[in-house]
Each structure stands twice: as C-alpha cells, then as structure tokens.
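Note that chain A is present in both complexes that follow, paired respectively with chain B and with chain C.
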Partner chain A sequence: MKAGRTLACVVLLIVVGASLAAGWLAPAGYAKQYREAADAPPSAQHWLGTDEIGRDRFARVLYGTRISLLLAPAAALLSTFLAVLVGGLAGYLGGVWARVAMAVTDLFLSLPWLFLLITVRALMPLNVSPLVSVLVTFLILGALGWTSAARVLCATAATLRSSDFVCQARASGIRGGRLFWIHVLPNLKPVLYAQFWISIPVFILSEANLGILGLGVAEPLPSWGSLLRELEGLVSVGEEPWKFVPLILLVVVVTSFQFLLSKQEEVAA
Partner chain B sequence: MPGRTTLRQTMLGWSIARHGLAMLVTVLLGGLLSATLVRFAPGFDVDENQLDPRLNAASVQALRDARLQEHNVARFYYKSLMRAAHGDLGTSISLGQPVTTLLKQRAPLTLRLVSIGLLMSWSAALALALSAAWWRSASYDAVTTIVSGLFLCLPAAVLALLSVLWNVPGSLAIALIVFPRSYRYARNLLAKAYSLPHIITARAKGLSELRILLWHAMPVIGPQLLAVAGVSVSVAVGAAIPVEALCGLAGFGQLAWQAALARDLPLLVNITVLVTLVTLLANSGADVLGQALRGEHA
Partner chain C sequence: MTTGAHTRPTLLSAHFSVRYGKRAPTLRNVKLEILQGEVVGLVGQSGSGKSTLAMTILGLLDRKRAHAEGTVQFEDRDLLQLGERELRSLRGRKLALVLQSPLSSLNPALRIRTQLREAWRAHAAGSSADCEQAIRAALEGVSLPSSDEFLRKYPSQMSVGQAQRVLIAMAILHRPALLIADEATSALDVITQAEILALFRELNRQTGMAILYISHDLASVAEICDRVAILHEGQIVECGPTEEILSCPQHEYTQRLMAAMPRIPRTNAAQSRPAAASAAKATGSG
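Presenting the complex of A and B:
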C-alpha cells in the first residue's frame, strides 16, 4: 500500500509538472489552428494528432490538465471554507444553530448532485467568455460541494465543544470567536485536510461531467470535460485510440488521488 | 408479547410520520428555493405576448400589471403552490408545453431505466460481495476492488458515451455507475459481519452458507444495506442525466439537460423538486424498512 501511495504521488507530480510546463512543452498554445492538418493522426509535429479544427491535441491536453488540476483544488478550498463556516460553527454553537444548519445541509444533500449542478449552472449565462466560464464552473462546484463536509465538521465540532480542554478554556474566561479560533479550529484541522483532499477528485469528475454535457468550460479554453467531448463522435475504440488519452490521463489522476486518499478517508470518517 | 408488538408498531408509526413531515418541509423549502430562482432569473419580467402588434396599449399594460403582481416572491410562491395543488406546474419556456404533460410523457422511461439499472448493479454488487466474503481470497478481493475502483474513477458521462460506442443499453450504463458504490459498501458490511464471533462459530459448526447469510448476517447488516440502497437511488437518478442526454433517451434526465441548455428554469426546477421528492421517498422508505427490520430482530 505504501508503494502504491508513493507511485501515486510520483504520477501526480509528473502530471502537475507537465501541465505547468505546458508553455514550454507545447509553445504553440492550445488555440493555434493548423488548418492544413485538421483531424490529423499523431505525427512528429503533433504527438496526439489534431482536433477537427486543427488544434494540437497534445497542447490542449496539457493546458486542459492545468485548468482542471489547478481549479479543482481551488474549488475544494472554497467548499472546505464554506463547510467550516456552516458545519464547524454550527457544531460549535450547537442548539438551534446546529439544527437549522443541518436542516439546510440535508436539503442540499437530498438533491442529486448533478441535478443541483445543472440547475445552478443554468441560472448563469451560458454565452460568457471562456475565462468567466472557468470561474463560474469551479465556483459552482465549490459553492455547492460543502454539504457532506459540513456534516462531518458539525459532528466533530459538537464533540469538541463538550471536550475537557474546551470546558477548561471556557472556565478560564475564553469565549466566543476566540475560543473557536484558538481551541476548536486547530483540532478540526485533520478533518479539514481530509475533506479538502477528498473533494478534489470529486470536483475533477464533476467538471468532466459538466464539460461533456456542454455546461462546463467554454471553448476555446480546454479542460478535461471539454476534451472528453471528442469521444462523442467516435464510431469504434480502435478507430482513433489517441482520442482516449485525456480519458486515460483523467482515470490515472483520479486513481492516484484515490490511492493517496485511502488514509484521509479514514480520518474523515 | 402483545405489549412489545404494540410499542414497536407505535414507534414505527412515529418514524413514518416524522419522515413524512421531514419530506413535506423539504419539498416546501425546495419549492420556495425554486420559486425564488425562477423569480430572479433573467427574463422573468419579459412576456413575449407584450410584443404582439395586435394588442393595444391597455392590453399591454394589463399584461405588465399581471407580471408586476408576481414580483413579490412570497406571493409568487403561494400562487405557484396553489397552481401545483391543481396539477398545473406551469409551461415550459423552451418547449412551449405544459410541464405536467412533459413530466408524464418522460417519467416511464426514466423509471424503467433507473429500476433496471439499480436491479443490475445491486445483483452484481451483492453477488460479488458475497463471494468475496465466502471465499476470503486476497487475490479475488484485489481484482474486484480494482475493477470497482476503475468504475469509480470514470465520470458518469464517459460511461454513457462508452455505452453509446459499444451499443449497450442505457440501463447498463446506470448499473455501472451505481455498481462501485454499492459493491464497496456491501463488501465492507459483509466482511465485517462475517468476522463476528457468532458467525465464525456458526461456520465452524458447519451450518450452510445460505442459512448463515439469511439467519445470522442479514439481520446484522440488513438495515445498513437498506440505507445504502436508498442512497443509491439518488446516484442512479443523477446518472440518468448524462445517460439519457448522451444516449438520446427521452426521459427526465434528457429533459433536465435540454432545460439547462435552454435556461428553461420553470421546467428545470420542477424536475429538480420532483427528483428530490423521489430520492427523499427512497431514503425515508429505506430508513423505515431498516427500523422495522431492527425491531423485528431486537
């Protein structure tokens, strides 16, 4: 298991490194069109061929990986922050606050995730600039993905509230925000880290789903979701196997995260 | 013991009532949220009838006044509720048809897809989990874990695309989306149950595997399995969106996707509230059944 985790770590480092070096590995960029070589198979010039309008697929995979792998953690950070705000505080305050917060959390949890995502995405304009679409997509993921983390944090904070050291701190006159900030929040850290890391693969997969459905990142910006849309036109697997590279990369990255998270999940539980 | 039976029945009745109340409150709150979304969505004030050149100024003003009356969210929600109570869920902006008619047309297909998908995924999950618990082979366990892990790493939409590519039914795609979750839970629960002292003793005494499963393991893990089954309904319903949208199946999922692309909020929020109700029903049903099962074996 340890070897598996090390391997997963190495794979993730290589993928993140390659995506960050996209400008150097694929200097032409993700939007440049080689009109004379549209829908071309892999060659020395285009390692993964070109798409139907002649853009280099290797460059798009690298830049798409960068977008998905940088913004999924950003969305995870937002969702973890919201989870602390709703769940952590509710658990710490207890009583009516906890009941109201958990009722709201349950309301969100009772909505199937993809239905909730597309409903909120539909509220935003679809014909926005690519950069805005990236921000909107990952903001929605972050703003809606806090619910399960909030439940766990609420339960943990409620346990901490009645723990000996918090009672002692309260007896020595520390109250309110200071008590939460100094004594409760630091003890929520293991659960917070676990929730943060668990959210990343979930958001990567959700972005991919939204992208394939045409509700994610807008063209010409690439993301794993938009790159996977190419699979829609395939007639057989053997026909153009290089089109599966984004899918293989996504599976490898998410599997690596799952390996790394096997310990974190125990903490979160 | 009649006294104990009456107490159990009363507790079950309370549980059903509590779940019913929770469902009602959730649906009412969800409805309020939906009404607020529709009310504040861009284009709410616009009525294309106002552009009809045959209408005179007074008629256009009357249409504007009618719209103005719906500006208050509470009043708008109340009116929507009253209409919904009479079976009128409004009209779809993009399709121009009553939402109720659209939902009635699309519901059977989604219901069939989700039911078959759930049945297939749970049959496979239970069969594999049971064989893993019976054989206790590390290599078998590793293979099934890797296979289920692989499916867990695939986005639902990719499985839908692959099902189109390999020409397999949409229900199988839903089954493959639900399978890894149900398998992992079922395997863990069964593994835990089969390491309990009374089950180890029963196996040592030579009781048949079927008897051990039905008489000793199921009473322990039944309520938890039912809870996971309730949650898997939500996963299956969510999976219906990419599967129906990408496989060209005219169900709820495809309707929701089309409504999202056309920003048809009245249709989308009605579908979402209905789906929420279905998942709540499934979860509450699983909870009540689990409680009944626990009571039976207490």
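Presenting the complex of A and C:
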C-alpha cells in the first residue's frame, strides 16, 4: 500500500509538473490553429495530433490538466468552507440549528447531483467568456458539493461540544464564538483536511461531466471535460487511440488521488 | 446563614432540585452551604447527582434538557436567576472548575500556553506581558515549570499529574472565591493523588479560596475537607464536620460507605514475623 501511495505521489507530481511547464513543453499554446493539419495523427510536431480545427492536442491536454487541477482544489476549498459553516456550526450549536441544517443537507444529498449541476449551470448564460466560465464552474461545484462533508463535520462538532475540554473552557468563562474558533475548530482540522482531499477527485470528475455536456469551461480554454467531448464522435476504439489520452490521464489522476487518500478517508471515517 | 461553630461568612448557600425532562428529580431539595475559605467534601456513589450539583452551581446545565428549581445564593446573587452573560462573567473569575480526567479536560489540539492564555483573556484585558506574567505565576503556584519549553507542550506530551496541575493553574488564574473539584483526583495514581490533595490544601491556605471537593473516595475527603456532605439518590442525607461524620456516621448510607472503605489486610508474612521472632528468641538463635 505504501508503494502504491509513493507511485501515486510520483504520478501526480509528474502530471502537475508537466501542466505547470505547459508553456515550455508546448510553446504553440492551446488556441493556435494549424488549419493545414486539422485532425492530424500524432507527428514529431504534434505529439498527440491535432483536433478537428487544427489545435495541438498535446498543448490542450497540458493546459486542460492545469485548469482541471486548479479548479478542483479551489472548488474543494469552497465546499469545505461551506461545510464548516453549515455542518461545523450546526453541530456545535446543536438543537434546532442542527436539525434545520441537517434537514437542508439531507435535501441536497437526496437530489441527483449531476442533474442539479446541469440545471444550475443551464440557468446561467451560455455565452460567457472563458474566464467567467471557469469561475462559474468552480462556484457551482463548490456551492453544491459541501453536503457530505457537512454531515461528517456536524457529527464531529456535536461530539466535541459535549467533550470535557469544551466544558472546561466554558467553565473558564470563554464565550461561545471564541469557544468554536479556538477550541472546536482546531479539532475539526483532521476531518477538514480529509474532506478537502477527498473532494478533489470528485470535483475533477464532476467538471469532466459538465465539460462533456458542454456546460463546463468555455472554448477556447481546454479542460479535461471539454477534451473528452472529442470522444463523442469516435467510431472505433482502435482507430485513433491517441484521442483517449485525456481519458487515460483523468483515470490515472483520479486513481492516484484515491491511493493517496486511503489514509485521509480513515481519518474522515 | 452560618452554623454556630462557624465564624466565617457564607460564600454559597444552595437549596434546589434538578430534574431532566419529566423524569424523577436527579437532585431533590439539596441544601448545601459553603463558607468563605472552607473546604467542603461532597461524597456519593456514581449516579448520585454529584456532577449535576456542580454543573448547577456553575450554570452549565443544559437548560433545554434540565430544569433547576430553587436558589443558589453566591455573594448575594441567586445564580439560578442569572442569564448566560452574567454567569459567564462569574465562571473562571469567581467560580472555577477542575474536572476528573485531566488529559481529556485539556484541549488536545492546543498548546498549554494557548489554553492558559484563553482562560486569562476571558476575564482580563491586559497586555501580552501581563498575561504571560499571570500564566507563569499560576504555573509556579502549582509547582510546575513556567519555562517556554513547558508552555509549548501539548497535553499529550505531559504526565497525568502535570496535566491536572495545569488544569488547577487554569482554574486559579483569576483567584476564584470557589473552586469546584469534580472527582479531580479520581483518575490519578495514589502518589499523584496525595500531591494534588496537598496542593489543594496549600492553595486553600494561601489564597483563602473555598473548595467544593466532590469525590466518591472517603479517604481523600477525610484528608482535606473541613466538612462533608453525603449525597445519596439525589439528596444530602448527612452533613457535618468531617471527623464527626466519618467517626460517627448517623445515616445508614454513610455507615455503608464507611463499611465499604478498603482496608489494607495484614499479610501472612507480616503476621508471621512476630511469631518467627518470638520463636527465634525462645531457641536463643536471635
């Protein structure tokens, strides 16, 4: 298991490193069109060929990786923050606060997540600039992905609320807000970290799902989701295998995260 | 209200009942009086309502679940009539608490310095230097090192005895008038227990702080308490000077408690030693 985690760590470092070095590894950029070589197979100039409008697929994979790997932790950060706000506080306050917060959480959990994402994204304008589309996608993922983490945090905060050290702190005259901030929150950290890391692969896949449906990051910016859309019109698996590189990369990165998170999940449980 | 033998003024005078929901009262017509600078023991078995009594005095009962009726007069104020804000201003400053398990009563995620600083800042608005000075004085008062190295420690890096002393230091930071020690020595080994009891006695003598010493251990109560109250099934069945109660228990429950006190049996070796000595004398070998 340790070897698996080391390998996962190395794979992720290579992927992140390559995406950060995209400008150097693929100087042509993700938007430049080679119209004379549209839909070309791999060559010395285009390692993974070009897409149907002649853009270098290797460059798009690298830049897409960068966006997806930036977007997912950002969304995970937002969702973890919301989970603390809703779940952590509700668990700490207890009583009617906890009941209302958990009822809302259950409602969110019972909704089909993908359809909810599609609905919310569809309510927003489609003709947005690429940068805005990145922000909108990140906000939607973060704003809708807090529910499971909130449940875990609510239960943990409720346990902490009735702990001896919180009782002792209350007996010292420390007021409610400070009690939460100084005494409860630091003890939620292990669960927070675990929830944050666990959310990342989930958001990578969610962004890919939105991208496949054309609701994620807008063109010409690439993301794994938008790169996977290329597979829609594929007739044969063996015909153009290089088009599967974004899919393979997605599977490899998500699997690597799962290996790395095996310890974090134990903490969260 | 003071009894005839006492000359000190009353610090706390309580007469109340507590019930959780619609169940039978956990505490029934409990009458307890603590004089200034007095050490009062509260003895009872597990589930007799000792901790509920402590939490009622401190106003830390869950008000949604528990209902307290009666009065708890403390320095001319009825604690049961006070709001959360007023109670909070008394907790830590006038009324302090030391709980049973020192390692779980300290926040595992915070350094000792942070925990003591938070307790100090709850009732003081001085500078960091004032805070540091108060912390160091409190630690020295409980015979703990006040070095930076010690203050940087987490509770898990200390012994149980040290952790209990830190809790006591935290409790006495603001020189409270009443310290409630709820089974504060029950989780300690006998040597550490003796040290902590001596510390309570010393603090009581030096600062004039009254102590409500809650325990199920009669031996430790006998060690430090001026008076003792016996709590049985939510009622105080007997109360009086420690020596009197322990030497001549009136209530049947107190008598049972006394009878249940462990005694160190005389070992065979100890019993046979005098016999062996006299035998040796008789044979002239000694």
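Assume the second predicted complex is superposed on the first by the 269 of 269 C-alpha atoms of A that agree within 3 Å, B and C clash if a C-alpha of one lies under 4 Å from a C-alpha of the other, contacts with A are read in each partner's own complex, and residues count from 1 in each chain.
Here is the rule we go by: a residue touches a chain if its C-beta (ideal position, glycine included) is under 8 Å from a C-beta of that chain, and two chains touch if they have at least 3 such contacts.
Fair warning: this is a prediction, and the values are worked out from it, not measured in the lab.
Novice: Taking chain A as the common reference for superposition, should the pair chain B and chain C be classed as clashing or as fitting?
Specialist: They fit: once the shared chain is superposed, the two partners occupy separate space.
Novice: Answer with first, second, both or neither: which of chain B and chain C does A:13 touch in the superposed model?
Specialist: Neither: A:13 stays clear of chain B and chain C.
Novice: Taking the superposition as given, does A:100 touch the first partner, chain B, the second, chain C, both, or neither?
Specialist: Once the two structures are laid over each other on A, A:100 reaches no partner at all.
Novice: Of the partners chain B and chain C, which touch A:171 in the superposed model: first, second, both, neither?
Specialist: A:171 contacts chain C only, not chain B.
Novice: Who does A:143 touch here: chain B (first), chain C (second), both, or neither?
Specialist: The answer is neither, since A:143 touches no partner chain.
Novice: Mind working out whether A:38 is in touch with chain B, chain C, both or neither, as first, second, both or neither?
Specialist: neither
Novice: Of the partners chain B and chain C, which touch A:131 in the superposed model: first, second, both, neither?
Specialist: neither
Novice: When the shared chain A is used to line up the two structures, what angle, as a multiple of 10 degrees, is there at the CA centre of chain A toward chain B and chain C?
Specialist: 90
Novice: Of all C-alpha distances between chain B and chain C after superposition, which is the least, in Å?
Specialist: Minimum C-alpha separation, chain B to chain C, in the superposed model is 22 Å.
Novice: Kindly list the residues of chain A that each of chain B and chain C touches, one partner per complex.
Specialist: None.
Novice: For the complex, give me every residue of chain B touching chain A.
Specialist: Going through chain B, the ones touching chain A are 25-26, 29-30, 33, 37, 41-42, 149-150, 152-158, 161-162, 164-165, 234-235, 237-239, 241-242, 245-246, 256-257, 259-261, 263-265, 268-269, 271-272, 275-276, 279-280, 283.
Novice: Would you tell me which residues of chain A are touching chain C in their complex?
Specialist: Residue list for chain A touching chain C: 95, 163-165, 167-175, 178, 182-183, 186-187, 189.
Novice: Would you tell me which residues of chain A are touching chain B in their complex?
Specialist: Residues in contact with chain B: 103, 106-107, 110-116, 118-119, 121-123, 125-126, 201, 205, 208-209, 212-215, 225, 228, 231-232, 234-237, 247, 250-251, 254-255, 258.
Novice: For the complex, which residues does chain C have touching chain A?
Specialist: These residues of chain C touch chain A: 58, 60, 64, 88-93, 95-97, 99-101, 104-110, 114-115, 118-119, 122-123, 167, 170-171.
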